[in-house]
Amino acid sequence: MLEHGVDIVLAGSIAVVAWRVLLEPQLFRSMVLFIAMGLMLSLAWVRLAAPDIALAEAAIGAGLTGILLIRAAQTEAAQEAAAAAREAATSGWRRWFPGAGRIVSAAAALAFAAVLLVAVIDLPGEPIGLTEAAATEMEASGVEHPVTSVLLNFRAYDTWLEVGVLLLAAMGVLAIHRTYNLRSTRSEEHTMLVLTWLARIILPLAVLIAGYLYWSGTHQPGGAFQAGAILAAALVLMQLAGFRGVSGLSTLWLGAGLMLSFAAFLAVGFIGTFEGEFLRYRHATGELIILALELTIVVSTAVTLAALFAGAGSQSGDDSDAVRARTPPESL
Amino acid sequence: MSSPFEWLIFLPFAGGVITFLLPGKSRPWLALLLTVGTFAAAWWLASDVWREGPQGYALGGWEAPLGINLYADGLSALLLLTTSAVMTLASFYSLGYFSREAEASSWTEARAFVPLWLFLLGSLNALFVSRDLFNLYVALELLTIAGVALVALAGGATALRAGMRYLLAAFLASLLYLMGVALLYGEFGVLDLALIAEAAEGGTRAPVIALAFVFLGLGIKAALFPFHAWLPHAHASAPAPVSAVLSALVVKAAFYVILRLWVDVFADSVTAPAAQAAGALGAAGILWGSFQALREQRLKLVVAHSTVAQVGYLFLLFPLLTGVGEGAWRFDAWAGGVYHMMSHAFAKGALFLAAGTILYAYGNDQISAMRGLTRTLPITTVSFGIAGIALVGLPPSGSFIAKWMLLTATIESAQWWWAVVIGAGTLLSGAYVYRLVSAAFTPDTLPESIRPVPRVMEYASLILALTSLGLGLRAAEPFDLLEVGAPFSMIVAGVGT
Amino acid sequence: MIETGGWLPVSILATSGLVGIVIFFLDEPRHRTRNFLNIFAALAKIVLVAIAIGGYVEGEEYEARFAFVLEFDLLLRVDAVSLLFAGLSSVLWLLTTIYAIGYLEDSPHRSRFFGFFSICVTATMGIAFAGNLITFVLFYELLTIATYPLVVHRGSEEALAAGRTYLIYTLGGGTALLVGVVWLHTIAGPIEFGPGGVLEQAASGNSWELRVIFAVLIGSLGVKAALVPLHGWLPVAMVAPAPVSALLHAVAVVKAGAFGIVRVVHYVYGSDFADSLNLLLPLAIIASITIVFGSLRALAQDDIKRRLAFSTVSQLSYITLGVAIVGPIAAVGALVHLVHQGVMKVTLFFCAGNLAETLGIHNVSELDGVARRMPVTMTAFTIGGLGMIGLPPIAGFISKWHLGLGAMEADFAWVIVILATSSLLNAAYFFPPIYAAWFKTPQVEYPPAPGRLETSWMLLVPAAATALMSFLAGALAGVPYSPLDIAELVAEVVYPP
Amino acid sequence: MSTFELYAALAAVLFAVGLYGFFVRQELVRKVVGLNIIGAAVFLLLIAIAYRNRGDFADPVPHAMVLTGIVVAVSATALALALARRIEDETGTRRLPEDEESS
C-alpha cells in the first residue's frame, strides 16, 4: 500500500506543478517549473517500469526542451509588460466579455478531461497489447532489449521517419533563419568562467555517458536517442560557454551531421530489399546493423538537437535583409 | 527494389537527402526527375492494384501486429497518382518560379525549397500507403513540419505568423490524434488498421471517445469548419507551388485518414448522428468558406478560403455514405467524394499556381489589379477559367461528376437537405469564381511594368487545369480502380492475419 | 464504343471544337489563318450535317457511345429533331461567322472571341445530338460557360453587369437542371431519349415525384428558353456585340433551352404521358403569358436590340406552346418555329447590327428614312419583321398556321386568341420601324456609303442571305428537306400514326 | 484504484491543464509549453497502458511510441520557438494578432 502512496503523491505533485507552470506570471520561473515537472515525470516513468522513457524524458523532454524554453524566456522579460498592456486592450467581443474566453476555455478543457476520464475508466483493465508478441520475436531481432528491438527492428520504419521529423525540423529552422549553417548565429557574450570550466569537464563526461547508453541499449535500458540527447546537451553547454559547437560546422558538415542517420536508414532499407523487404535485417547481421544505425542516430540526434537549440535562440542570418528585398512584395 | 512501395518511399526521401547535401544548379531538375519517377512508381502500384487487387507490404519482413504493414487499394492508388501528378507539375512550375534567384553562396528560397519539397512528397506517399495508426501519426507529423517550413520559406511577417498558426494548430491536432491512438491501443492492443477493424465492433465507450479524439485532431488538420482558421493565411502566404500543394494535397491527406478510419476500420462504431454532424460541419464550411472567399480582396486569400469550402464537400460524404437508416453503404457517394478530392486537387493546384504567376508578374495579387489579365497573361487566364469551372463543378470537369454522384446519393438516400447545400455551394462558388474571372476580363488599365513570366509556369498551371477537366471526360477507369478494395476489407491475402 | 456511323456526329462536333481550340492559340494578328479556319470549319460542318440529313432520311443510324461513369454513357445520336436543330445552327454559324468577321474588324481579342464562338457552336451541336440526359446536361452547361466571355466581350461596365446577370440566371438554372436530372435518374435509371417518351414504362408509379421533377426541369430549361419570369437575362444581354446577340437569340442559347423543353416533353416524358400527369396545360398557360408579356414589353422599347430581345422572349414561347399542345400538327408548328424563328431573328439582329455599325443608329426613333440610305438592310429587316408577324408567305406564317391548327385539333381554342393577340402586338411593334424607315423623311443627313455597297459586304451578305432563307422557308415549305418537311418527319416519330 | 488507473487519470488532468494553457495564454512560448504539457499527458497514458500490459517486461510498443513522440515534440517545439523568434524580429512581439484569426 505504501507503494501506492508514493504514486499518489507523485501524481498529485505533477498535477500541481503543471498547474503552477501555467499560473506562474513570470515566464522564466514558469519554464523552470516546467523542467521540474519533466523531472517528476521521469520519476513517474520509472514507477511505470519505463526506464528508457525516464532517460529520454530527463534528457530530451525536461532537459533540452527546458533549455530551449528558458532560452526563449530570457529575452521575453522586457517585452512582457508591454505585451500584457496590449493584451489588456484587446479588441472585439473579448472587450465586452472580459472573462468569457477563460471561462469557455476552462469549460472546454474540463469537458475534455471528463471525457478522457470516462474513456480511461472504460478501458479494459487486463493486459491487451503486444508484450507477448515482442517477447516471442525478440530473439529474431538481434537485440535483447525489448524497446530497442521495437524501435530498431520491428518498427524501424517509424524510427526512420521519426529521425526524418527531427531532420525536417532542423531544415525548417535553417529555412526560417534563411541560412544553411549556424555560423551567423549569435555567440554568447556573457560567458562565465565557471561555465567554460564546466563545459571542459562535462564534454568528455557526456561522451562517456553517451557511449555507455548507446552500448547498453541493445540489452538494457538506454539507447541511441538518449545518448544523442546527452551529447547534444554537452554541445549546447559548450555553446553557452562561448565555444563554437555546432555553430562552427560548415554547411556541408552540418548537413552531413543532420542527414547521417536518415541516410543510413535509407541505405540499410535499400540493401534490405535485396534480401526481401525494405529495412529487412534479421538474426545474423541484425545486431551489427542495429548498432551501426544507433551510432548514426547518436551523432545525428546530437547535432540536430544542438542545431535546433542554436537556431531557436539565434538571430536571423546575416543576409536575410538582402533576401527579403528580393522576394515579391506583399500587399498586406 | 522489386515492389512499387519501395520506390514510392525511397525515391523522394533519397532525393531529399541528396538535394540537401549536394550543391549545384541541377537541384531543381533532380527534384523534377524524382517526382516523375515517383509518378511512375505510383502508376506501377496502381496497375498492380488494378490487375491483382489490393496490395500489401510488410516492412522489414515483420508482419502485423508487431511490424508495420503498408497497404494500397484503389483509393490509395488514385491518391498516390494524384499526389505525384500534382507535385510533378508544381515542380515544373517551380523551375520558373525560383529561377530568378541567383544560386550564389547566399541563401536562396530555391535551394531550401527543393529538399523540403521532396520530403513533403515522401511523407504524402508514406501516409497514403500506411496501414498503421502510429505510423500515420509519424507521417502526419512529417507532413506538418515540412509544410510549416515551406510556408515560412516565403519570409516576411505574414508568412511567419501564418506558419506559426499552422504549426500550433497542427501540433495540437497531432496530440489529439495521438491521444486517440493511445486510447485505441489501450482498447485493442494493436496498431494495425486491419487488425483493429477485425476487433472493432462498437459497444464500449472507449473506442468511441478515442475516435472522437482522432477525428477532432484530423479535422483540425483537414481544416474542417470551425477548425479552419489557421488555413487561409498559411495557404495564401506560402510560395506559389507550396500553396498549390498544401491546398491540393496536404489537407486531403488528413481527410484521407479520416475516410480510411471511418469507412474501413470503424464502420460499425460510427453512428448516423455522427455522420450527420460531420456533414453539418462540412456544410457550414462550404457556406462560411464561400462567403469569406466572396469578401476577400486578395486573390490568393480567395483561393485559400475556397479550400475551406471545398473541404466541406468532402465531409458531406459521411452522411451520404450510409444514408439515414439503411446499413448498406453507397458506392456513388464514396466515389463522388473521392473523385471530388482528386478533381479539386488538380483544380486548386492550377488556381494557386495561376495566382502565383499573377503575383509574380504584377507584384501583388489584389483582385482589382487583375485587370487586363486576358491580354497580359492569356494562358494563365485560361487556366484560371478552366480551374474555376472545375471548382464550381460545371461540366465537363471531374467535380461535375463528383457532384452528380453526391447528388444522386443525396436523393436516393432521401436527404434532400444536403442537396440544398450542394446547390447553394455551387452557386456561391460560381459567385466567387465569377469575381475573379470578371476582373480578368475587365480591360486594360495595365500596370506600368510586368515582370516577364517564364513560360513553364503558365503551362504547368494550364496542364493541371486541363487534367481537372480531363477527369470529367473519362471517369470510367478511375471509378473501376476505386472499386478495388471496396467495399472494405483491409485484409490482404498474405499480409496481416 | 464508336460504331462506323458514330464518327459522323463526333466529327460534326469536332469541326468546330478543334478549330475553336486552335484559334485560341493563334496569335492575334493572324487574321487570314483564323478566318480561313473558321469558314472552312463552318462549311465542313454544313456538309457533314447535310450528309447526316441525307443518311438519316435513307434510314442510316448514327450513334457514338462512350463509357462515362458507372452505368452512364456519353451518347451522341442522330435523330430527326437533332438534325433540325443542327441544320439550323450550322447554317447560321457560317453566316454569323462571316458577319462577325466583318463586324469585329479591327477590334481586339478576336482570337478569344472566335475561339469561344466555336466552342459555343460545339456545345450547341452537342446539345442537338445528345442522346441521353446526362450528355445533354454536359453540353448545356458547357454552352453557359462558353457564352459568358462572349457576353462580356467588350469589357465595359455594362457588359460585365450583363454577364453577371447572365451567369446568375444560367448557373441557377444549370444547378436546378442538374438536381432535376439526377433526381430523375434515381427514379428511372439512365435515361436515353426516345420518341414518344420513355418514362411511362420506366417510372410510371411515382406520379407526384415526376410532376415535381417536370417542374424543376422545365423551370431550369425555361431560363435559357426565356419563359416568364425567368427571362430577365435576355434583354440585358443584348449589350453584347451583334454577332453575339445573333448567337444568343437564334443560333444557340435560347434555342438550347427551347430544344431542351422539346426533348423533355416529347422524348423523356412523352406528351401523352405528360398530359396524363396534367403537366401540359400549365405549361401552355405559362407559354401564352410569356408570348403576350414579351410582345407588350417589346412595344415599349425604343432601343432596337432591346425591342428585338423582348420579341425573342415572346416568339420563343411559340415553341414551348406548340410543345405543350398535344397533337402532331402543333408539334410540327413548334419544331418548324424552332428553325423559322432562328432564321428570322438572326436576320433582324444582323440588320440592327448593320444600322449600328454603319450609321450609329440604335433606336427605333432614329430610323426615319433610313431605307433610302440602306435599302438592302432594310429590305432584309422588313422581311424578318413581316415574317415575325406571320404574314404569308414568309416562314413565320407556316409556324403560326400549324400552331393554330394544332390548337384547334386539341380543342385549345383559347390559344387562337393568344395567337391573334400576339400577331397584332407583333404588328404593332414591327410596323412602326418598317414604316418609318421606308416612308418617313430622314431627320439627319446620313454619311454617304463608303463604296458601291451600303456597308461592308461581310455585314450585308449574311443579312440578305438569312432574309432570303426566311422567305424561301415559307414560300417553298412544301419542298422535300425543307424545315417543314423535317419537322413533319419528327412529328411522325413522336406521334406514330 | 490501480496504478494504471491512477496515472491514466493524471493524464486526463494534465491534458486539461495543458489545453487550458494553450487556449488562454497569448504568448507563443507559453502556448508551446501548453502543448508540451498535453504531450506529457498523452505519453503518460501510453506508458500507463504499457504498464498495464506488462509481462516479463512492460509493453515495449507504447514505449517506442513515446520515445518517438518525445522526439517529435521536441522537433515541433524547436521549430515553433524558432518561428516565434523570427516573428519577434519582424514584428517586435511574440504574440499573434487576434484580428487575423477571423479573416
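A, B, C and D are the chain letters, set down in written order, and residue numbers restart from 1 in every chain.
Quick note on the criterion: contacts are C-beta pairs under 8 Å (C-beta built on N, C-alpha and C of every residue); 3 or more make two chains touch, one makes a residue touch a chain.
Because the structure is a prediction, the values reported are computed rather than measured.
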| item | value |
| --- | --- |
| Chain with minimal offset from the mean of all protein Cα atoms | B |
| Pair of chains joined by more contacts [C-beta pairs], A-D or B-C | A-D |
| Centre distance in Å when chain B and chain C are each reduced to the mean of their C-alpha atoms | 43 |
| Chain A and chain D, separation of their C-alpha mean positions in angstrom | 11 |
| Chain A and chain B: spacing of chain centres that average the CA atoms, whole Å | 29 |
| Centroid distance [mean C-alpha coordinates] between chain C and chain A, Å | 71 |
| Where chain A touches two or more other chains, by residue | 116, 120, 123, 127-130, 134, 150, 155, 158, 162, 165, 168-169, 172, 176 |
| Chain D residues counted as touching two or more neighbouring chains | 15, 32, 45, 49, 52-53, 61-62, 68, 72, 75-76, 79, 83-84, 86 |
| Every chain pair in contact, whichever chains are involved | A-B, A-D, B-C, B-D |
| For the chain B and chain C complex, residues of the former touching the latter | 331-332, 335, 374-375, 378, 382, 385, 389, 392, 394-396, 400-401, 403-405, 407-408, 411-412, 419, 423, 426-427, 430, 434, 437-438, 441-444, 474-476, 479 |
| Residue ranges of chain B touching chain D (in the complex, touch as defined) | 66, 134, 138, 141, 144-145, 148-149, 152, 156-157, 160-161, 163-165, 167-168, 171-172, 174-175, 178-179, 181-183, 185-186, 189, 191, 229, 232-233, 292, 296, 301 |
| Chain B contact footprint on chain A (complex, rising order) | 115-116, 118-120, 122-124, 127-130, 133-134, 137, 150, 153-158, 161-162, 164-165, 168-169, 171-172, 174-176, 178-180, 252, 255-256, 258-259, 262-263, 266, 269-270, 272-273, 276-282, 317, 319-320, 322-324, 326-332 |
| Touch list for chain C against partner chain B, complex | 24, 66-70, 108-109, 112, 134, 137-139, 141-142, 144-145, 148-149, 152, 155, 160, 163-164, 167, 171-172, 174-176, 178-179, 182-183, 185-186 |
| Chain D contact footprint on chain A (complex, rising order) | 4, 7-8, 11, 14-15, 18-19, 21-22, 27, 30-31, 34, 37-38, 41, 44-45, 47-50, 52-53, 56-57, 60-61, 64-65, 68-69, 72-73, 75-76, 79-80, 82-83, 86-87, 90-92, 94, 101-102, 105-106, 108-110, 112-114, 116-117, 120-121, 123, 125-132, 134-135, 146-147, 149-151, 155, 158-159, 162, 165-166, 168-170, 172-173, 176-177, 223, 225, 301, 305, 308-309, 311-316 |
